[in-house]
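Paired with chain B in one complex and with chain C in the other, chain A is shared by the two complexes that follow.
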Partner chain A sequence: MPIGGSSPAVGSAEAERATGTEIERPVRGLPGKTSRGVRAERLAPFVLVAPAVLIIVALRLWPLLLGVNFSFTGDGERNGTAVGFDNYAELLGDPLFRTALGNVGWLVVLLPVAVAIPGLLATFIYLRVPGHRVFRGVYFFPAVLSPVIVGAIFNLMLGYDGPLNTALAAIGLGPVDWLGDADIAMFTVTGVHIWATFGMALVVFLAGFSTLDTALLDAARMDGASLPRIIWHVIIPSLSRTLQFVFVTTMIGMLTSMFGLLYVMTSGGPEGSTYLPEFYVWIQQGQMNRPALASAASTVLFLIMLVVGILQVSVLRRAGSED
Partner chain B sequence: MRGRHLGRWAAAVPMALLALATVYPLLFTANVAVKTRRDYILDRFSPVSSPHLENFSAAWNSVGMARYFANSVIVVTVSVVLLLLLGSMAGFALSQLRFRGSSALFLGCLAALFIPFQVIMVPLARVMADTGLIDTYPGLILAYVAQFLPFTIFLMTSHYRTIPVEIVQAARIDGNSTYGVYRRIMIPLGAPALLSVGILDALFCWNDVLIALLLMPSPEHRTLMVGVTSLRGQYSDNIPQFASGVLIAALPVLLIYLFLQRQIADGVTAGSTKG
Partner chain C sequence: MKQRTLWPVILITGLAVTACGSAAPTQSSSGDSSSKIVVWDWKSGEPGVASYIEKAKADFATKHPDVTVEFVAQPFDQYYTLLGAATQSGKGPDVMLFNGGGQIRDRVNDLLPLDPYVAEDKQRLAGWDAFSKDGKIYAAPVTLQGHPIYYNKSIYQKAGLDPANPPKTWDEFAAGCATIKKATGAKCFALGNKEGFGIQFFMSGLGPGILTPEEYDAWIAGKRDWTSPHVKQIFSLWKKVNDDGLNNDGANSTALFNDAFAIFNTGKAATIIGLMSDVGHWKDFGEFLGADNVGVMAAPVVTSGATPVLPYDGGIGYGVAKSAKDPQLAADLVRSLTSTGALSAFYAGAGAITSDTTIEVSQGAPAVAAIVSRIKGGKPALHVALSSKTLDLMGRLSQKLLSGSASVDDVVEQLAASDKVS
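So, the complex of A and B:
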């Protein structure tokens, strides 16, 4: 860092005179400026970014390295000693972690649904369906609620004799044990997550629509193209950047912001069926006192996110360039 | 023409149903919150004719909700002020001042944006414990600032890039130093972006549960969202009181949403269009 090199000017004689240094930097050298002022000016950008850089390096980048390093050491009696890939081997052997990875697979499968719902709704709102202003406002509101609040509300909604089962009974179905059935619980929680977050993606899509070339859309309509064809041939290619952004952020959201829901709604159960890597990290760190194992799980989660992000960007880029 | 009209109505009906499904859970909870326990057990669905508002005062007074609420307000306020201050300073430097390493710094900031908290939570808890910051307000505030600073810097940098260089140059000719430009030009011209980013940061901090759960283990240091997670256990036999506790915790966010919806949407979309 160049900050360390230049110490603040202390010579008073130097400070009193406005000298030649100004000429080197005509924009900054202003009449009446001392060379101390000039030096302060030169340092100013570094002073402005320094606190932010310090905090980010110390509390985000440094812990990332520390965590990766940590994942190769042992817990408990082997605390601090290098154990190679032992933690990773233990992870692969742990049925709970394998369930967590399997659930990540389900999230990837459900991702297109989580993107298509807000995409379609945004399309209709953009086409000015009657009441589009109201819809826009209403759909967005769950997105501002904490997962903890959403989870608490849905604990009431999804109870065995709660509103959803009552509604199902009215049409002769159910009841369903939404959170107590190991085959269903993960889909229930994912559904609630989509309910709570589709408004975010909707707003992003609408911002993308505002950059859409209306002439293209009008031309397609004049030619009598049906709505599905308009979506497929006009809207999707024109919004490829927005789509890419929504795909990546929705996947990141699914991998990193379902903790609150899991914590409040299922605590990982029943039978460990609703574990996700983030919840596994929390349990190993907070409840089991296995920080090194938790670090290994964190590292795996980070790798998953990197891979998913890179894959999506490259797949979508290729899809976009074919058009 | 007529066919298209019909088509638009055909889309409006399922969308209206979806809108209903979006608000119903909250309406149901609000209705339950003003029932007596007896009413709830007899019939949980029918609308309440005479609201039983005592549930709210009981929830507020009984399980430390007031304390949790105050904790959240303190932590969120200080965090947001620091985020906006540091974020606008760095955003100004990265967008308007050319200095060695500025583009590398911006890239580093983008990279930090993609490190989720779950990935660094174990070592961060250790760093906080080693420095004595665990279970303290400054510790949690620092963690929030670190968590949301990359996002804040990113949006402030994008915003400040739209301010023409001529304005900054004119201010310099008028005798302003870099700090003067920051104070007299960047803060006022950045106000709309500061408002959107500040609201989003406030929502993120207010709604967080994982970071607070990890770094504030003592019961008296719980934030409101951590407090809500313990409500269920305390009120398993008194669902109306549970519902009113949940609503108290949601109220500030709902108010912000009602009055500042546009700013929230602006903040969310700024990240997508400028990225």
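So, the complex of A and C:
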């Protein structure tokens, strides 16, 4: 691209000059000489951002507005009539949706675990534990598997008569109905999700480590600091920006990409204990034929995501300003 | 530089804008010419039904040789979502496949009443009720779907029970289960309730042995007395069967489709409440156990006065969109899709129990003959009468009953409330 003066381009420019095409003018001479050139110069940025803006407006904002709009209309016999906040009232009254929101709360509680696991493992890899090269590949491997495949694998592993329970029985522990017990199914699915996705966070951590000042580590070692103390007092403070980034992206990943796992592993059950808002949206829209209620639920999900997104922006901005 | 990037940008913008308008709807908008009929289903792509579609097309071609029929097979997971979106944007098909019961009743506003077109077929075909609402027919039944109780004859044999005479009462049945457990180690029921479907099969399969005929008919007619002791007994029996260890372990984490069927197929359980068509039916089981080893029993009588009947409804059927350009033409296609020739091919190819009661099945497996002989005296299944919302709730509550986190009274109360609203 920078070699704009190659012969065909010059040729066409000259041909156009011969026919008196005005738009070509700013390219030829120094820009800004004529008023037309100034106008073209002023319009150019708008034209350039137009595709992006149009795509965002047509494919993002417009559907979003339609969705919010639908959430104030009724379903079934009240299809197309405005019902105010009825759908939202129904959502609040639906124990299933409350469970879904409660599970979002659980995800927030489990977030530190989801960040600590890749953080710790990345630390070990960075500190060159024996076999760290192998581990680096092994840890990343699940991140390339589709959630459907991961779900299918763990469905077999965690079945009531599956290998895990057989192994537990061998050491004298009773069988656990990993996916059939309402009190543990959500934690099982979240655990599998963490297993399937921590590879990405691990890579981010490793990238963060590459910026770590090794002199600090060496100094700590010279002073005889133990490994936990090195992690706590040297590594974590040095990686604070990476940590913040991983926190936010992991949270978003948990909120938006667990559908596949839930669909394959529990279908929202048992007893509706593994519902998340997006699964609820899908059930209401696809199974219950309640598109307006689904719109309301997805609007609520959007608001949750908005809060997380604003959090993300503010965290990243603060992290950036520390530079 | 700027100029040269400007034009591609405008070009791409133009493309982006025009492309997103035309790329989304994949199916044709069903015809500028009225000589084309578009059919949506989720079946026509399956190998087992190829000959059925061929037969139906041939039958239709003899009546309307100049009309082309296009079958569009959609994925079943998203079928109703896609159908709803297409219908709302005016790009829906002329003829479409439906599941009987709630799925079609929720959508009758977009469908053409078929009564005048299918009057001749009313006697020949069974299962109309599942496709009717307020006395009007909205689709013609293709298959029948019901819940026979299948049992493994070889397990009965091994346990020293008479496979030709399955138990008639619940006490006999439970005693037989204990004998089987002792002799072969097999569980009584193969149950999958991960999706919450297990309770639906249980209610419809065993319900005829629990409710009296009057209660049964009232239930189907919409007068459901959730406080009656017999209705409560359905749920207390559901709990008791599990508490007594008659089900396979981990029923709440076992998928009915198809893990529970696999438990029955591999001889780990002696009985299963299955289906009549599609999957989990006599043909599937016969392939594993041998056709002669698959028996069908009537629901064991739990309460005196109950007369067990085969619970079945129309399974799938074809309806016509209100927006169809030529309703007569579309209705003719529906009639071709439910002609005896086509349905015979469906039975032979996919093993479905079809709606056509005149098809000869005496050559088939003993289980088929046992099912078909009960169709005449059969009644609609209990769970099909409930709304999809109540069924969803019932699925979750049934899991609570199995895990012991809800009482029968509590469950029945919640279901009554949900049933009243919908």
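The working rule: the second predicted complex is superposed on the first by the 251 of 323 C-alpha atoms of A that agree within 3 Å, B and C clash if a C-alpha of one lies under 4 Å from a C-alpha of the other, contacts with A are read in each partner's own complex, and residues count from 1 in each chain.
Convention: contacts are C-beta pairs under 8 Å (C-beta built on N, C-alpha and C of every residue); 3 or more make two chains touch, one makes a residue touch a chain.
It should be emphasised that the depicted structure is a prediction, and the values quoted were computed from it without experimental measurement.
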{"item": "Contacts of A:W106 with chain B and chain C, given as first, second, both or neither", "value": "neither"}
{"item": "Touched partner set for A:V203, first chain B, second chain C, both or neither", "value": "first"}
{"item": "Contacts of A:G76 with chain B and chain C, given as first, second, both or neither", "value": "second"}
{"item": "Partner chain in contact with A:Y160 - chain B first, chain C second, else both or neither", "value": "second"}
{"item": "Partner chain in contact with A:S267 - chain B first, chain C second, else both or neither", "value": "second"}
{"item": "First (chain B), second (chain C), both or neither touched by A:G180", "value": "second"}
{"item": "Touched partner set for A:L48, first chain B, second chain C, both or neither", "value": "both"}
{"item": "Partner chain in contact with A:G286 - chain B first, chain C second, else both or neither", "value": "both"}
{"item": "Of chain C and chain B, partner touching more chain A residues", "value": "B"}
{"item": "Where chain A meets both chain C and chain B, residue numbers", "value": "1, 27, 44, 48, 51, 55, 58-59, 285-286, 291"}
{"item": "Sites on chain A touched by chain C in the complex", "value": "1, 4, 9, 23-24, 26-27, 44, 47-48, 50-51, 54-55, 58-59, 76, 96, 158-161, 175, 177-182, 266-267, 269-272, 283, 285-289, 291"}
{"item": "Contact set on chain B toward chain A in their complex", "value": "7-9, 11-12, 15-16, 18-19, 21-26, 28-29, 32, 44-45, 86-87, 89-90, 92-94, 97, 99-102, 105, 108-109, 112, 114-127, 142-143, 145-147, 149-150, 153, 169, 172-173, 175, 177-179, 182, 203, 206-210, 213-214, 225, 228-229, 231-232, 239, 242-243, 246, 249-250, 253-254, 256-257, 261, 264-265, 268-269, 272-273, 275"}
{"item": "Footprint of chain A on chain C - complex, ascending", "value": "1-6, 9-10, 12-13, 16-17, 20, 77-78, 80-81, 84, 106-107, 194-196, 249-254, 388-389, 392, 395-397, 399-400, 403, 405"}
{"item": "Residue ranges of chain A in contact with chain B within the complex", "value": "1-2, 27-28, 30, 32, 37, 40-41, 44-46, 48-49, 51-53, 55-56, 58-64, 66-67, 70, 121, 124, 127-131, 134-135, 137-142, 144-149, 152-157, 162-163, 166, 195, 200, 203-204, 206-208, 211, 227, 242, 245-246, 249, 252, 255-256, 259-260, 263-264, 277-278, 281-282, 285-286, 291, 294-295, 298-299, 301-302, 305, 309"}
